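Shared chain: chain A. Partners: chain B in the first complex, chain C in the second.
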Partner chain A sequence: MPQAQVTMDVRKVRDGVSVIDIKGELTAFAEGVLMSAYDEASDGGVRAIILNFEGLEYMNSSGIGLLVTLLIRVNREKQKLLTYGLSDHYRSIFQITRLDDAISIYDTETEALRAANKA
Partner chain B sequence: MKRGKNRWRLWRTVLGQGSREAQVIAPATEERVRSTEVPAPEIAPNDPILAYFQNVAGIVDVEKLELDSPALREMKSAGVKMAIPLVSQGELIGVLNLGPRMSQQEYSADDRKLLADLASQTAPAVRLAQLVRQQQAEAQERERIEQELRIARLIQQTLLPKVVPQLEGWSIAAHYQPAREVGGDFYDFMELEDGRLGIVVGDVTDKGVPAALVMATTRTILRSAAQRFDSPGEVLQRANDVLYPDIPPNMFVTCLYAILDPESGVLRYANAGHDLPYRRYEEGAQELRARGMPLGLMPGMAYEEKEVLLDHGDSVLFYSDGLVEAHNPEREMFGFPHLQALIGDHGANSEGTLVEFLLNELAKFTGEGWEQEDDITLVTLQRSEGVMSVDGPAVSSSEEAGGGENWRTLERLSVPSEPGNEREAMEKVAEVAKQAGLDPGRMEKLKTAVAEATMNAMEHGNKYRAEVPVVIEVLSSGKALSVRITDQGGSPVPKSEVPDLEAKLEGLQTPRGWGLFLIESMVDEMNVASDEKHHTVELVLYLKGEGDAS
Partner chain C sequence: MEQKPPAEEHTAQKQPRDAAYWARHVEKLKVSEVPAEAINLNVEGRRTAGALQGFGQLWQKTYRIYLGTGVTPEEVVRVWKEKFSEFQPPQNRFYPSLAGVKPGEMLLINASMKGMPVYTGVIVLYADEECFTVMTPEGHPESGWNTFSAYQNEEGHTVAQIQSLARANDPIYEMGFRLAGSTEQERIWTHVLKSLAAHFGVDDPVSLEKVCVDPRLQWSNVGNVWNNASVRSMIYAVSAPGRRIFGLLRR
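On to the complex of A and B.
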């Protein structure tokens, strides 16, 4: 099994808000990395998690599946999932799959943070 | 050699041809028992006494001779009184050495004359005997060599395939022409699982029986490794590790191993230092490179593995150095550039097979009366012309896409069914699409669709069996791009329900299952077709953005 070509760094930017910087490929191989990044991000109780996709090189249907799985956990924890930095292509995929209904899309980290604070 | 009571001790030293060893032959009489055994002196080839013996006429009084010669000192200390060189036609062939007369008297003039006569008459006879013996030895040696050659040829011929395999859609030919002194060439075909064919072409350093034995061993090792490993690189690695401890020093084996999937036309290969095969295709001849050390030189070697997709009408030539290293009367070598040019010239419509053509060219090059220097081995694979069902089922794209007869193939490629390989397929197709003029704004859609369809083909069709490739053909009609992705599963991806995010979030659907939905959303047209062995998905994207898919 190939290694996940991805890194996810977690930043606790503010009280109750974490950012996960996703760099590389979001595919089936990223499952372990994404779930442990989520655990780290929500450690100590946060109400919003922001996915930073500025470093995303490739996402496939398995990656979308992972986001759905993440969404289920986030919903269960009554948290909010936000995102910024998506390319036009992946933004349109979020629209096609209606992921954007559940994960709000922002252009910049500032905008996403502002929205997270309102949450 | 007895004369009354005058008994001599006689040592006869016969110098063999080129031999440094002297022989002592004592007379086979009762005197021998009473005589003191005195060894004949060893005469080194650079001892000055040899020149002296050769040039002196008659009897030599050893005690009086002054010469800085180890042999002379030895003769003196052994009690040799007289030496009579045996010279025939100016060549020193032996020496009669005499000790003191047993009667305690000095040798008389009569004795001396008798000995001189004896020496002059004996010399030619001894010489003749030496020549006869030498010729017998040479004849025996020749016979031994011939016998060895027969054995080597027998081993070789017993182990080379008797027939070439018959594969539908392919013609396979092999030609093996041993040199008089058999070299170590060999080739082999192995039937593998799933109708695939293993092809070996190799050459053992050295000639004759040693080479034939190493060839036989290598063949067996490769056969067993080929049944255990699916990857040509692993087969060579294994063969090298098994062969290395047993192969005589200074011997090694160059060897190419390839696996042909006759269905898809994919040839995977690895090379242990053997001459690079050539692929002949529409544009000419292409070297098939893969790095690796010869077998048996060093343990723990890894072998690069490559693959090439052979199109209809393509050929591959495997060969040994006997062809490229053949010399013409001007001592020029046949050479790789010449070979590559010839292969490129030999089109699919040329008369005769590639093997016949090359042998013909070789004969023209070497001229008449050429003595073949080394074994020549040629093995060719040719994929037949024409569209066969092995291409996968026909897909029918719409008139709007510019379908029908207008499709022109831009590229055919394949990827092994290993997780993650969809990215490679995606990048390669994108490169072709860029050349074909696909609108940059549509490129990402194409990439996602190709990656998803390739993943489906690897997973559902080929069950992630690495040795089963996904074949991808990129075509253009001038208006649209068609990407046909074929697996060997023979059934379409099971249609799941349309993915619904709400249902997924509520746990009513699996979080996965987005692939087909994504593909359909990315392309202008998607067509599928299946036959009993293959499944093809055709993705059509218009080159320009009208009728956007999203």
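On to the complex of A and C.
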């Protein structure tokens, strides 16, 4: 089985807000890495998770499936999921798959943090 | 002070490796080519509907069949794309566009569920050498994605897989799936995998893993029933004689 070509670093940027920096490829093989990152990010009563996609290099349709699964977990915990750093290409994928109906997209970390604080 | 336009390398974003594999975003779906025998209903002008937009419980279902060591994953997916319609059961007719299974292309579906017509379609959302994914439009029985793929397992065997991540689109479909539709759907995808395997001379059982990803019903999407393709297909079929008479009178 191929290894996940992705790293996800977690930063606790403010009280109740965590950022996951995604670098590499978001495919089915990234499931374990993403869910571990989410567990670490949501530790300690976090109310908003921000995904940083600036380092995203490749995503296939399984990657979209992973984001849906993550979103269901986030909703179950009554948290909010936000993103920033999507290129035009990945923004277009969020639109056609209609992930943008449920996951708020921002241009910068500052904007995402501002929105997360309102959550 | 006059501002210089930014250098091109600063404004143009580098295209990622997956750019050619994804369908482009469109607000409303458009069916460009319709095979003469296909009924194009419930697709044109609809929006795509993913796993977040439906009504029912969200299920991930994974079907697998072992194809042995005599064929590569790339070869399996190439054949699968080419013969996608042929591998379907007789009551489930798929009409790909002339371009075939390529990102952004539509596949019309004229199906029959327990004798009831369902005219709908799907868009090819993603396609590369080892997998392709179709996404449903509003009104389709399901709301979500089906990914058809092949890979080599740790023993070096090629495995063909169908993975669906979808929920029933509205309360009528949800009831239908709980009563019989779910079993019927599992029969369809099992048939597809068995047909694919038979093409490569393999006769193995199909395994199925089911996970309920989200057991909740999305009551905020109850209005999806307005676009129900099954109801609209039935109205279309029942009104066919009337349309024929109207057509004759207009001559």
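The rule is simple: the second predicted complex is superposed on the first by the 119 of 119 C-alpha atoms of A that agree within 3 Å, B and C clash if a C-alpha of one lies under 4 Å from a C-alpha of the other, contacts with A are read in each partner's own complex, and residues count from 1 in each chain.
Please note the rule applied: a residue touches a chain if its C-beta (ideal position, glycine included) is under 8 Å from a C-beta of that chain, and two chains touch if they have at least 3 such contacts.
Computed from a predicted structure; not experimentally measured.
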item	value
Superposition on chain A - do chain B and chain C clash or fit	clash
Which superposed partner A:H89 touches (first chain B, second chain C, both, neither)	both
Which superposed partner A:F29 touches (first chain B, second chain C, both, neither)	first
Which superposed partner A:N60 touches (first chain B, second chain C, both, neither)	both
Contacts of A:V68 with chain B and chain C, given as first, second, both or neither	both
Clash with chain B, by chain C stretch, listed 24-32, 222-230 or 240-248	24-32
Interface residues of chain A shared between complexes with chain B and chain C	1, 58, 60-62, 64-65, 68-69, 71-72, 87-89, 92-93, 95-99, 101-102
Chain A residues touching chain B - in the complex, by the definition given at the top	1-2, 25, 27-29, 58, 60-62, 64-66, 68-69, 71-72, 75, 87-89, 92-93, 95-99, 101-102
Residues of chain C that touch chain A when the two form their complex	13, 15-19, 21-26, 47-53, 58, 60, 125-126, 128, 131, 133, 135, 145, 147, 153-154, 163, 165, 213-214
List of chain B residues in touch with chain A within their complex	418-420, 422-423, 444-445, 448, 451-452, 455, 499, 501, 504-505, 507, 510-515, 517-518, 521, 550
List of chain A residues in touch with chain C within their complex	1, 56-62, 64-65, 68-69, 71-72, 87-90, 92-93, 95-99, 101-102
